[in-house]
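Both complexes shown next keep chain A, but they swap its partner, so chain B is in the first and chain C is in the second.
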Partner chain A sequence: MRTWSALALVLALVARATGDAAADTPARRAEAFFQSSSSSPAGGSNHTSNWAVLVDASRYWFNYRHIANTLSLYRTVKRLGIPDSNIILMLADDVSCSPRNSFPASVFGNANHLANLYGDNIEVDYRGYEVTPENLLRVLTDRHAPGTPRSKRLLTDAGSNLFLYITGHGGDEFMKFQDQTEIMSKDIADALEQMREKRRYNEVLFIAETCQAATLAARFYSPGVLAIGSSEKGENSYSHHLDRSIGLSVIDRFTYWTLEFMESVTPHAGATLAQWFSQLTNHRLHSTAKPRLELFPRGAHDARVTDFLGHVSKAAPMAGGGYEGLSSSRGGRVRTESADAGDDAATRGGDGRGDGTGGGAAAAAAGKSGGEGARLKVGDEDAGRVPKAVDGGWATPGARARGEGVAFAAVSCAALVGAAAWVSAKAY
Partner chain B sequence: MRPRDAIVAGLRRVIRHHVAASTALYLLGVLAAALYPALARRTFVDENAFLVAQTTVGFDRRDARDASEHYRAAIDAARTSPGDVHRSDALRGWLEDELDALGMERYRQAFALDRHSWTRGDDDWGRRSDASSIDNATHGVNVHAVARAARGNGREGIVLATPIGAPGATLEADAAALALGLVVMRTIASAPWLAKDVAWLVADARWGPGDHGIAATDAWLREYHDPGSSTHHSAGHLTQHRRHRAQLSPSPLALFGRVGALQQAYVLELPEGAVADVASINVVGFNGALPNQDLLNVPVQLAKLAGFPRAGIFADSSRFSGTGGGDGDGGVKGGDLFDAVGAVVGGAPFAADLRRVAGFALALARGTPAGSHASFKSYAVDAVTVRMSGSRGVPTGGAHRRDGVSGEDAFLRLGTFAESAVRCSNNLLETLHHSMFYYVMVDDDRFLSIAEYVAPQGLMLASSLVTAIALAVIGTSTGGVASVFVAEKTRGKNGGKNGGKATPAATAPAHDWSSALALALLAHVAGWCVLLVATRTASTAAQLAAAYAGALATAAAALATWSNNVDGDEGSFDGDEGDGRVGARREPPWATLKVVALSVQVASLGALTFFNFALAVAVTAPLAPLQLWAHGGVGGAIKPWLRAALTLVAAPVLLVATSCAALGTDARACSLGDAAAAHVAWGERVHVLPLAWCVAWPGLVLAACVHLGGVRGWRRGASTREEEAPGGPEGKKRR
Partner chain C sequence: MLIAFLLVVLAASVGAARESRETFQEEALVRPLPDGRIAFVAHFRQETSLVARHHETFPKAIAQIARATGVADAELSFTQGRWMYRRWGRPPVGAKPIGAELWAAFAAESDEVADEGWANLTAMFGGQFCASLSALRDEQVVVEPALVFRPWDGSARVDRDGISSDNRRRHGSLPAEAVCTENLTPWLKLLPCRDRAGIAALLGSRSSVFGAEYVSFTARVRVRGDALELTQSATLVVDANKIAREPEGGHRLTSLLGVDRGGGANGIRACAAATSTAVHVQTKGGTAFAFGGRKVHTAVADEGRRVDTAVAADEASRPAWLSWDVSAAEDFDVAVRPGGGDEGTVAPELYAERVVTGSGYHRGGISIELRRPEGSKSASGTRARLFQTLPWYVRVFIHTLAVEMDGVPVPVPTSGADVGANGGAVEALRWVPGVDRRRPSTMELQVLMPASASVARVSFKFEKAFLRISEFPPDANRGFDLPAALLSLPPVSPRDGHEFGESRLLDLVEGVASEVGDTHSEGVYMQGALLTLPTPDFSMPFNVTTMVCTLMSLLAGALLTTLTRRPGWEGFGKLKAEQRKRLKSLEKEARKARAGKSE
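Presenting the complex of A and B:
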């Protein structure tokens, strides 16, 4: 009798010890990290994925700069970590293939020609006459014809932050498409409201670069939308400079100065929207870029640029360090470029169109940076806190479940053994 | 009072006082024309796709040096050619060799000329034209080269044209044009931005009216749009050329290279050779047809960017003057009238503006083009002629100018301009549809659009219309006028009570429309006969004889028609219908004829306004007052027959003399025979002579007939019911 009782006591102690050990696994710590991250003191975003819809609404050779604007921001959001799978790129014309282009298969946004915006790695989702107000609204509301490829759909959810950029020729509360049709501010406003009702976004950053651009957001009424235009009502929006070898203006002022600012933004930088907008002065733009903040309670000072133009990943390649052997759980194997150059090249690449659609932060992070041999550091980007290192792999809900299962089994076994001992003692 | 009632009442008041209203409207129209410069707006390039001044130019000093070498080589080739080869043929041969050396597509087109193009007779140069051709007097040879856009779709093309061999052109001028075109085409053909094919037309300017190769360009365009047709257009008496048509163009489709739908054309003329100080833009086509204004403003900007000190439509002061002599303002030569207006309104600058407006309008009204761009416009291809000359702006005919830019420097400017123009058109994605096609230039950078310049014409036509309506509705009788308005007023008041019945005292005018229409038709048919005589004989005397014969016939017919009704009781009532309605009062036949004449004038000149505004105004301005003044009254200081004679004889002479004095034109040069010859020479495509004989002259004849209405009354001893002054007695009484 005593023997059985002692055995049961030992097993119970072992079971408890096992349960404690499971609770203290990296999964536990990761869960704790997420909880801390989502409740950041600075009012940070609690989004779980980032998406971008980049629209060039105008066609024809002389609107080269609008294509360059869009491609510039396309390159920027990719550099900051949004994968092609999460970018809907709409180009109304293909100036790179225009016979008027002195540099075939190239698009430049600067007369110095240092960067070919067209490059080797570009995925245009809607091109030419596919770029219409109807298709833009279909993308936003996810009302597509049957058989529409997944790459043409905006698969956001309630945790998605959306960056919506549109450039072209517009006017008071409208934007021209293809020089033929128009989309109205009210159309976009209603589409955003549909998205809200369908829980298709967490927050939206809307940018319009056109004449009287601010009026394009005048009818917005859905919460969580921050809008800014390159010009106020009654103002024109201007191009920045000519490229005489191409023979036209290659970029607009708003985008040019935005890119100037973005040069200093890394995927893990803490730059805020307010800092960005402060760079867009009247002196630089020759127009007034004033954000509309009343629908965005968090405020531009508390919203980081990377909340919209970057990636939600908390992981970044780190030069050196001993965190190796991580593997993705859901995103598949994704090639990650060298991080030798530092943060700037942190998450560039991302040529895999991984799942990344509903898995939230963990899945997306794994998809982007879980490549073999990558050296990762897990960082809490808030307020520049020291990144937390997690060894043994990135915790996921699955890992957490596995740890709890082990503890439960141990406790169950101990209980069974104890019960058997008690029955035996009674029997004897 | 409702707005509608107010408007109706106002219109009735205008009709009632139609004499004063017509006079005021006409004077207002004249005043508005005098204030044209005050309404002018700044020019601008409306089509953004031109992308003017946003590129680096590929034509550089090395190309200019090459052009200079080609220039010398072309001159040598022409001078060393055999004596029986025409100079321009030698240049063409040299050009074809050079094009072959460049590996560029080239095509040769031998074309038979239309009869109207063949007005200079035999070769003015005194030598045989083309050794391989069949007859040097009746055909020309065009050469064109094509630069293909490697990445273009070949659906659209641009044309550069350089006419050579014009009677006034020197060898140096032709050689410079060919050297420039050759190097520009070489540069363009290798340009990475080329999206449209470019054709370079070297037109044979030896034939046809004018010195700009218009006949040759016509032939090239005919062949371009209708293969094989350029040889079909030979005149009936040129049967020999028809027999040799196959030899001229054995396989047009195979030998004539095309560049798709032609979008724009730039004609470059270098009358002084390699000299580049003034770029004079010419846009006036047949009958005042103009290209889209963007195609005027773009070359002006490009020329200035290329370094031309002066560029614009008035840059060459010899143009837009009546006789070709410049006055320094680019406008017409006559000064007194414009200076007088300027002294009242805006001083010397205003007078200069007005002079330029008049000069430009005169060029439009003439309807004869001064460049082969007019041929392209006939095919709905926007085109301009750019004439590069020395700083004085007057072609000297010499080889080189010592002042200003010449030689290699000039080629650099010329090449820069030509390449820039082609690249601008290359950037276009659509045909020109912005900007405007109806405009009058006030200066190189100011213009009047149709919205501004149509007002005077509208006011002058409105003055005629008011009188026509007044005569048709209320007639000439005082009683009739008063009673009609009394009746209408009464109807208005009692409309709801007695069913709209008028008072029995009211009368309405009754017109004999058929007689008046027959007379008007006769006058216009007679005018058309005069035009036939003009085109057949090209004689001043024959035209005058035919014109006055037709006028006499019309007048005789009018008198005969009216004398048949001499017992008719004009002014009498046709009878009361017995139900209290208005009785008809028969109007004098001259009043009806005046209504018809004014209506025809308003309709024809109103329509012409939209085809050739300047010509329409030029006809309306003198014709309207003459027709308004016409009346059949028997009183006054001037007898009716004398008024008729003044209308038909003195008025045209006075009008021509006044116009010539105002515009600085030599009146002795205004020969009807020359006008008829020019009309034939231009292929009867110019509207001045038809308008003069078929619209203006019949208008005068009808006005004279209206005056003759008083002759009958005078013989009868004066009818008391006829009016005694223009506008009728009611006008005087009401005034």
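Presenting the complex of A and C:
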């Protein structure tokens, strides 16, 4: 221990000496730093930390694919460097250890079973009955009961880029939670606005994988929010393929093709959102995935995938300057004293969940999964002839969603009042 | 000046080194079960100083939780599956109820302080172990046990005053809690070597752990004066029939637990941070072969090289232990061959089973049967304590509580004064009725089962309450899980010749806690039960809305008609139309006449 601190001291002194040797004025150094931003790994984004909220809103075994969807994105953000302390994972049911699962402690998003999405090192922050619209809004707006552990809180600030992913059964401007409650587009829009007012985000990438998914973002009005849904209004979203050993569709089309693209993304490759979205064609999805860009002036061509799904950000300049923006990726090789690294350490120390292996595990995962992009393609040809599951509200065997019930009641009520008025007028 | 500073630093570091004297013991136990299954227990014990600000191996998170909540003793367990007492006998380390269970004792001067400590503990443990333990903060599920979850004293003291100030206990369980990787991984992360080395490496395969027929892992935090102790124990029951045998005829531990990587370095490598690492195998009637390791404390000692020991244990003797000290081993493994009989398993003093009786949505009952195993005799009868907590929506009629011994009813005391007065079999009864939406009901019963009796039955009836629509969980039609009932039995007397203090795990297995005076009772959890409550069709409110709207609109229309229609107006429109028609024809005629005049 002492050896290391001595070494660090020596290194710091050396750094200081070299910094002094380069006789720049502070103004020039600052200028150089800001000019370097365009060539930094973070691209045009000026965020300092990355957070992800991944929500599976569906309960029950037959919604296996929604959990697989969420875990696909969990795997991706973790592989690209977001640590567990910055991920809020909500799973409404436990399929991995369900007695119905013939592969205990495993969830597969592909019939080839090459990648166990559940992994050995998962942290599920909200699960089962805890996955409710209320808790999602609490997480977004950070209003919790006293004593809520830090692992369950979204501790973002004005420099945080947030990736918000929701999957489940939904419809026009609503999303069902556990077939019991629901969240409306307006609720999420207001929560995001509240986050903006509280300076809780820099930019948000919102993704919904459900039927009529684009409508879930229809009411958004806060700047800096880029939204994309798996389907337009009036369209269904479809599952990708069936796994006969599990007996269910294991993944939805939007997420399948997203994962397909993401498996080839590395933290420093600089893939853009536009490249990703161009993969999501109508031919592959059987629905229209169109990003909503009017609140996101930067555009999808300049925004990198790792601005939201990774943990690559600009670092503050150290005394002495002399370097351009450094990458501080949890899974990467370079580690600097960047703002978000400190933030992270505080988070981990606070909730007492020391995750020393997180970085190493992520690195290992990154190394391991490099070659899986190509292999994930198996099962593709299967897609044409398997029955498709639809993510529409009415397609669920369970009870009708409350909101639909209310709408139904209101419409029928109005119709009946009209009919009665007509009848009485006729009589009159 | 500098020298003085250095001296201070040196003194501080020496002090720190002294204060952070930490121990970590890891042990494993393998017991073949009669039906070809194999029970595996991993046991870890870490100890540190409560006041230490720096820890070398002890998990900081646990030390922080212990300090922040003021907890004196707490045990959290996660369990999947059920321990089959009749088939597998008494479990090596106490079996736990399905789902998650947490109990804690607080050294608190008032109940409010203890409640606050409990609220913090559930939140912190919930965050630490990725579980929905925050649901246990709800006063609807927390109870305060008086007779169980404390050292067995055998006396029938049940009054609330028996709860001393340093011993405020809280208990809560979540029978429907899912148990999976996200719970096990943080549990493993509390160990210095995680699941990379030592005994814990045997738990490295998540699919084997959760593919086991019974899996239970517990974490117990204890404060004793200045010492802070964390005991973790995991029990698995693996079906060995599904796993390939070794050429020698046994099952290698590594292949049983799915961590057999093949190749050279394959077995257990001791964790470098461990003060001791030991593996015990119970082999009455069976055989065990060890690969590597140094054998200690066995009936037949035989040192060798590759196949170290092959010991057929003496059939006549009590369960024989083979123990290996593998602290220095690089590649230790043990192969176990089950004997195929009932060797080594000991039945608990009583079997306990609970069933929900009755049919329909309104009334029901619970019947608990305590049965003495066939052929077992007890000279002075068996004293047992029953702990049953039920959610508030199960409204128990306590006057229906009936106790039978071999079918003969036994008087049940109706008030505290009667307890034990008439020398009845029911020695103590503590009953805390539930309060709707406020408190669950708790029943604690101490029964003395005479030596002559073989079956005792405790039964009572209840009524199911109606829930509000917002109180139903999303999967209400699945039913509501009732918490497991607990039967607490006197401590098991250790086997002749058992030497205490050599191994914590063996002390536990022999039924005694290692500390003198802290004899823990043997707990037998009964299986969980599902209760069907009257569950509405959840679209009902909307159907009602639609119905009401229909009726309202019909009513409004009828009302409007009645109010505006007058009997005299019957045919008024027709009359008017006729008049209009006549007027028109008159006008026409008038026009014609006018035209004729002008011509």
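Brief remarks on what is shown
By our rule, the second predicted complex is superposed on the first by the 271 of 428 C-alpha atoms of A that agree within 3 Å, B and C clash if a C-alpha of one lies under 4 Å from a C-alpha of the other, contacts with A are read in each partner's own complex, and residues count from 1 in each chain.
FYI, contacts are C-beta pairs under 8 Å (C-beta built on N, C-alpha and C of every residue); 3 or more make two chains touch, one makes a residue touch a chain.
Here the structure is a predicted model, which is why all the values come from computation and not from measurement.
By the touch criterion defined above, A:Q178 reaches chain C but does not reach chain B. When the two complexes are overlaid on their common chain A, residue A:S245 makes contact with chain B while staying clear of chain C.
With both complexes placed on chain A, chain A has more residues touched by C than by the other of chain B and chain C.
In the superposed model, A:S96 makes contact with chain C only, not with chain B. Contact with chain B, but none with chain C, is seen for A:F62 once the two complexes are overlaid on the shared chain.
Touch criterion met: A:G119 reaches chain C, while chain B stays clear of it. By the touch criterion defined above, A:A158 reaches neither chain B nor chain C.
Of the two partner chains, chain B and chain C are each touched by A:P104.
Note: residues 60, 98, 103-104 of chain A belong to the chain B contact set and to the chain C contact set alike, using the contact criterion stated above.
Contacts from chain A toward chain C in the complex involve residues 59-60, 93-94, 96-98, 103-106, 118-125, 127-130, 145, 147-152, 178-180, 351-355, 357, 399-400, 402, 405-406, 408-409, 412-413, 416-417, 419-421, 423-424, 427-428. Residue ranges of chain C in contact with chain A, taken from their complex: 59-61, 64-65, 80, 119-120, 123-124, 126-128, 130, 132, 134-135, 176-182, 185-186, 189, 194, 204, 206-207, 209-211, 473-475, 537-539, 541-542, 545-546, 549-550, 552-554, 556-558, 560-561, 564-565.
Chain B contributes residues 48-49, 51, 54-56, 149-153, 192-195, 423, 426-427, 429 to its touches with chain A in the complex.
Chain A makes touch with chain B in their complex at residues 60-62, 98-104, 242, 244-245, 247-249.
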